[in-house]
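Consider the two complexes below, in which chain A is the common component and chain B and chain C are the respective partners.
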Partner chain A sequence: MSGAKFDWSAAGEVLPMLLRGFEITLLATVLGFLVGAVLGLLIAIARRAPTRFVTAPVRGLMEFIRSTPLLVQLVGAATVFSSVDPLVIGIIVLGIHYATYTSEVYRAGIDGVPKGQWEASRALSLSPVRTWRAVVLPQAVRNVLPALGNYAISMFKETPFLAVITVQEMVFEARKYGADHFAYTEAFTLAGLIFLVASYPTSLLMRKLEKRLGH
Partner chain B sequence: MATDPLHKTTAESTAGAGRPAGTVPHQKSGTPIVHFDQVEKRYGDHLVLDKLDFEVKRGEHVTLIGPSGSGKTTILRLLMTLERLSGGVIWVDGEPLSHTRKPDGSLRAATEKELRESRRKIGMVFQQFNLFPNMNVLRNITEAPITVLGVERAEAESRARELLELVGLGDKVNAHPTQLSGGQQQRVAIARALAMRPEILLLDEVTSALDPELVAGVLDLLRQIAHDTDITMLCVTHEMNFARDVSDQVLMFDSGRIVEQGTPEKIFTDPEHKRTREFLNAVL
Partner chain C sequence: MNTFFTAFFDNLPQVLSGLGVTAEATVLGAVIAFALSFVLGLMAGHRNIVVRGVSRTVVEFFRGTSLYVQLFWLYYALPLLTGYQLSALFCGVVAFALNFGAYGSEVVRGGINAVPRAQWEAAVALNLSPYQRMRRVILPQALAQMIPPFTNLLIQLLKATPLLWLISAADLMTVIQQLRDRTGESLIAYVTLLVCYFIIAYILTLLMNLLERSAKARLGQYTGTRGLFRTRSAAGAETVPVVPTGGAS
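Moving on, here comes the complex of A and B:
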């Protein structure tokens, strides 16, 4: 059953479990990315605040999160908030971790909005909120959609880390089946294929989007 | 640019095109709507405006001319509060634009929020149009009236349509800025500025980025606005014929100072200052 030979019956047995795990993987990706995308935007805006009392702490926090491994953050958060559902912790930690990266993406997008757009907004007396919401962000976000999409894909591929804090996503299921039946090859090969099948078309889609937006 | 346009200018002006010299600024009396009071602007060590003093009366059309880098555009940007003063005070309608009166009567620099209040009476049209590319033409014009002035959407839209008719783009209501020519974009930008019913309209080299064949149309529109409305206008322009046609007062700048000011008849036909003569000879 092990090693060199691929056991098709084991594969058939593990597939439904993997797909169930995949639902959790997708859920964690979608929700985690939502957190990351929204929080990243808030960070990007906060970093342009006119006062250091806002920009300095935000910057410090970002550096801290980016300088520590995702795995350590996951285990740390799961330990501190041991009463919270691991999936919830996973989603939030993934989201916060990725927010530090998406915020850079947004920042580039915001910097890419011409100065004249800000000046025209001021000349029309638009409020800061309106300037951001109606003028700057629509242009900035449009410019960075492909880059955001790429982060979504890379986050998708990092969800297996959640297995470490006992979230029953796909790789968790694969490992469990592998251990119970000593069929790691089948379980992990299939898990890998599922990842491939899901992310490759998505990245093609992103490339298409990039082209359409004229990057 | 050779001598021919210059001759034309001289001939037309001496033929008395428009108003008798020296009378116009006095026709529009009352307190100045704009008063630059010892205004200074520096970027680092570079002095852009040097203790600048001048007044604009309500309804007056003032043209700022002079070589590039002489500080003309900076004046408009200071008025629009896109830049902060380094010194002095700008008074608009008797109130300090970039300052706030403290209870004891002294002045302090205005906060961002106060600036937003005081810039409401001022509108600006930019060299690069700066339309919002993510909005269609109609929304470019209605966005500020609705969200800043609190005008009802229906009312804002019907006014926007009127303004688009005025600028000759009644059929472009739903177009996007990227679908328009430079001249059309600038017309929309003018309509957008007018939609806020500004008392003061700032025009910053509004035809400089346009293809030559589109310049005349935009200038004609501005002539019409200057003629039909009582909006106070400050224009920075290199279009000397336009300056001569619409201005009540021309300010000639060099190196951050006004070297000469007067009626267009005076400035364009009989400039007193050598620097003005050199400049006009170069551009006309």
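Moving on, here comes the complex of A and C:
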């Protein structure tokens, strides 16, 4: 192979492999984001706890996770827990990492709920659980949906990190094909385009949602 | 003492040189990305639709294709196309600059749009040229608002530098990985590495807080010293528009 030109037959050959890897990419994104969205909400609620003994450690740990590289966290976790399936590690680490971001989003949303809503719940003597579930969260979460969606997109674009811990997602397949056939150009160009094709419409959708919610 | 820390201090020169590579990639990448943010961000507000279109296309392209893929493309695919191999560090700097420059342009655009309309009108009424208007009136005000989101992007960039390890530039992660392989102390090695990044991130945040303070001081707003040591999560709370690391904002 001369390698100087874009080889369409190689591109045709690698595409099915990439799409197979793409399924794993999507799986990791969806599951990882679920972990991140749920955990982030729990963190956001914990940060409003009445005592500093809860809020200070939570905040410290969050700051630490969010200021350190995802790649190091992934490789570290995969090495230390080497007996666990890399995909599971990847989903959990991605989820925890993004929980630190989504918790900030929820926090902004919760802070945006007017004080009168809290006072009204108190006046109606709703329990704290009902105040959160029936009054605060429905309003807070609705407002932050576009921001959450944007984090889902950015998580999607960070899933290639999972290739490093041998999860066979799209970029893993691209690297493998590139190395076996010395055709990196086709493999990585297509992988990049697939990311673009998948993420751009989604981000337009989020922008539309943002407009509709009046941001 | 623990074998990992013995190895760590015995090989301090290597560790420091790894730190140097990480710092170099972060600083160079950030400086070019910052310049690019302004070019693309100002283009996005141009009255000519072609200029706006070019900016939009470039931004969406570099935001939409994953950074990881861009870096690998530069390092592995580009040499096959052009026959010219760029150094790993250079590839890293270019990829970081393009990717974060694209994100940064949204920050610039948002910051400029956030300057009240009346300021533009006042500048026109005072007969300032478009250049003077931007340079003397709009940018100084916009800049103060752009710094917190730029801080977030800077930390994101720092967090992306371990990617250099994958294309075998000898950055901090590479060096610590080597020490880990030699000593077998995985947990301690990775926790140490995370702590190193955390410290660098905190120092960067502190410097950016200083910058924000001086930008605000220029506008006649005194912000006090307490806010200087605040972390990013504390800073982000009062300004609701969270700058996402990805997607559209």
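Quick note on the criterion: the second predicted complex is superposed on the first by the 211 of 215 C-alpha atoms of A that agree within 3 Å, B and C clash if a C-alpha of one lies under 4 Å from a C-alpha of the other, contacts with A are read in each partner's own complex, and residues count from 1 in each chain.
One rule holds in what follows: contacts are C-beta pairs under 8 Å (C-beta built on N, C-alpha and C of every residue); 3 or more make two chains touch, one makes a residue touch a chain.
As the structure is a computational prediction, the values presented were derived from the model and not from experiment.
When chain B and chain C are set side by side, the one touching more residues of chain A is C.
Look at A:84: by the touch rule set out above, it reaches neither chain B nor chain C. Of the two partner chains placed by superposition, only chain B is touched by A:125; chain C is not. By the touch criterion stated above, A:135 is placed in contact with chain B alone, chain C being left untouched.
By the touch criterion stated above, A:104 is placed in contact with chain C alone, chain B being left untouched.
Once the two complexes are overlaid on the shared chain, A:63 sits against chain C while remaining clear of chain B.
By the touch criterion defined above, A:184 lies against chain C but remains apart from chain B after alignment on the C-alpha atoms of chain A. Applying the stated contact rule after C-alpha superposition, one finds that A:38 touches neither chain B nor chain C.
In the three-chain superposition model, chain A touches chain B and chain C at no common residue. Contact residues on chain C toward chain A in their complex (touch as defined above): 60-61, 63-70, 72-73, 76-77, 80-81, 83, 155, 158-163, 165-166, 173, 177, 180, 186-187, 190-191, 193-194, 197-198, 201-202, 205, 231-233, 236-237, 240-242, 244-249.
Within the complex formed with chain A, the chain B residues making contact are 80-82, 112, 116, 119-120, 122-124, 126, 128, 130-135, 143-144, 147-148, 192-193, 196. Listing the residues of chain A that touch chain B in their complex gives 50, 114, 116-117, 119-120, 122-128, 130, 134-135, 138-139, 142.
By the touch criterion stated above, chain A contacts chain C in their complex at residues 3-6, 59, 62-64, 66-73, 75-76, 79-80, 101, 104-105, 107-108, 111-112, 147, 149-158, 160-161, 164, 171, 174-175, 178, 182-185, 187-189, 191-193, 195-196, 199-200, 202-204, 206-207, 215.
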